[in-house]
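Just below sit the structures, each encoded as structure tokens.
Below, chain A partners chain B and then partners chain C, in two separate complexes.
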Partner chain A sequence: MFVFPHVTVFALIIINKAGGLIYNRTFHEGGLNKISTNDYLVLAGTFHGVHAITARLNPLRPASTAKRSSTSSVTGGGSGPLTRPELPSGLEVLETENFRMQCFATLTGTKFLLFTDTTQANVDLTMRRVYEMYTDYVMKNPFYQLEMPVRCDMFDRKLGSYIREINNR
Partner chain B sequence: MVVYSFYIFDRHTECIYSKTWLPSFSSADPSPPAGGGGGTTLRASTADDAKLIFGTVFSLRNMVRKLGGDNDAFVSYRTAHYKLHFYETASSLRLVMLTDTATLSMRNVLHQIYINLWVEYVVKNPLSPVEHKGGAGVRNEMFEMGLDQFVRGLM
Partner chain C sequence: MAHIVGSGKAASSKEQAGLRYPSNGKTIYHRPLNRTKTAELSQASFAYLFSEMVSYAQRRVTGIQELEKRLNLQGHPIGLKLLDLLLMREPPRSQTRPLTIIALLHFIKINLWTHLFGRQADRLEKSSDPAAPDEYMIIDNEPLVNAYISVPREMSQLNCAAFVAGIVEGVCDGAMFPARVTAHSVGGKEEGEMWPGKTVFLVKFQPEVLEREALIGKG
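Right after this comes the complex of A and B.
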């Protein structure tokens, strides 16, 4: 039988497209430091900015902007509607000595941050499942207002049982 | 693996050394006037990159310290296009390296650069100033040559 490598999910944070914190939940005590809700809000805002900068820092960019400016005489790296080479990608995985953070940014700008332990396991799969749950139980909830904090019982329950299953594996 | 660029920031948050190994970069560098407006934006962006990198690294380091505790250290981050490696010494000297995404952890490489090149050729140099304002003392032949050889040996 296939045995999954053990991975512990510490926490999940969802940031809306304006950089506001809309969901914040800790699954495993002791993985990350306890910080106040206010600090989480600051963290979400900071990360939102950092994510935008990391997308701009691409070292392979100068060649493409030079090519673009010579063909369309657009200076300043403005991306015209005709030339759209590839989507800029911001930070995807952050590694530290104590934890690992996976970031998934949707096309609409919502960001999912999943904090796990440092083992290199299949976090992509977990992330996709979390996103599926978000679409199913938050987006399809008729009472949910866009860009507002997520308060959906179904989402909380399903997410909780899914992550518990992973953490107890 | 490919190394794109390398930066050193001192404890006063100033970029005291930067080097790029991009082939397209070095060929575009000597001819900024030929490109007209495009050339100047290219030059400006390379100078601004160091500031943006420091801002990113500083914010992430503080974020990591807040979440992972004071003895946690920010190691690297990866996007779809590049990977950034970070190493901070006890004296708040920060070494940053940008590589391609397939590269594994370069923490030991940055540590090697610190002990074998920085300490040997910059710290032990009697003519080098204590503070490296504007990169003074870092841009010596031995350090630059050693770094270039070391990084080219990795690629």
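Right after this comes the complex of A and C.
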């Protein structure tokens, strides 16, 4: 791995597809100011709305259909049975002087918001790993009810040790 | 004979391929029973299946004990059948069923665990309590079935490895060592920091088993 200076992940929140806050955790004391859980709920709801509207702003790319037809004519549809149009993605990054907020929306509409240092590199990689842990330790847990707040010890533990590892690098 | 009806095209026999009719024409009954080395399954699909099994067992259940009982019952027939299968796969010389408690427990710790989880159980212990000479413990530091399961706080008594306990109980019963097997979480105590999911399978044999064992010891 390369060494990045001041690599820090501040917080993670997960928003369900209805815009409700289902997970909220801060990792690095002093990185962000403390706000109440209520404010996090408002942030989640607001972001959900803004994300939905920005996704509607995003024009459906005709290029993707053109590309598909051209590839199918050239290679005979070598890309397989991929016919679903690419989903319009909404707001992905918000940046302030002190932190950067990266959003990742899953195909089912769950959103992961990662608050990181502005210099943090490879947020995509971190996000991917967090999503992986979510699918493992939350979705495969028989006691988790969909769309409800995430309360899984195992998820907390694995996420905590992974983020600690990143923050101490 | 559905596959004859659609035989206008050459590829129609291919279309029938599926779980019931594999494309090479060989069903599950054509496969040798002895294939053991490459028989690996996806852990993710097992995790989803097991998650559904737990949810299923949880329906209309009144307490945690009843839930564990149901999981145990789901595992029991698997144990009964696995005993036969695993003995059959042994080399002909050692193809006898275990005759002593120690032989049985070793068979479970080594053969059964390796077949199910790809590794041996971590430890085997006899209860140190003189009042309970019929109790043995099989210890697994991180049971595969619990790999992705976080038990909610209000159900902290529950250990979903009760399913594995059922399998072990099935093996014991099938080998004519009737026993009760239960799964207990011990992570969080003593050395629990290292293995938060540590599980003890408590095997409690019926009195007649110990009686017989004592007679064998004399003879």
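To be clear about the criterion, the second predicted complex is superposed on the first by the 134 of 169 C-alpha atoms of A that agree within 3 Å, B and C clash if a C-alpha of one lies under 4 Å from a C-alpha of the other, contacts with A are read in each partner's own complex, and residues count from 1 in each chain.
Please note the rule applied: a contact is a pair of C-beta atoms (placed from the backbone, for glycine too) under 8 Å apart; a residue touches a chain by one contact, two chains touch by 3 or more.
None of these values were measured; they are calculated from a predicted model.
In the superposition on chain A, A:54 makes contact with chain B only, not with chain C.
In the superposed model, A:147 lies in contact with neither chain B nor chain C.
In the superposed model, A:132 lies in contact with neither chain B nor chain C. In the superposed model, A:90 lies in contact with chain B only, and not with chain C. By the touch criterion defined above, A:157 reaches chain C but does not reach chain B. The partner of chain A that touches more of its residues, comparing chain B with chain C, is B. Contacts of A:98 after superposition: chain B is touched, whereas chain C is not reached. Shared contact residues of chain A with chain B and chain C: none. Chain C makes touch with chain A in their complex at residues 44, 47-48, 50-52, 54-55, 58, 148-152, 155, 160, 196.
Residues 136-137, 140-143, 151-155, 157 of chain A are the ones touching chain C in the complex.
Against chain B, in their complex, chain A makes its touches with residues 32-33, 35, 39, 43, 46-47, 49-50, 53-60, 62-63, 65-66, 69-70, 75-77, 89-99, 115. On the side of chain B, the complex with chain A involves touching residues 4-5, 20, 22, 24-25, 28, 35, 37-38, 41-42, 45-46, 49, 52-53, 55-56, 59-60, 62-64, 66-69, 71-82, 84, 98, 105.
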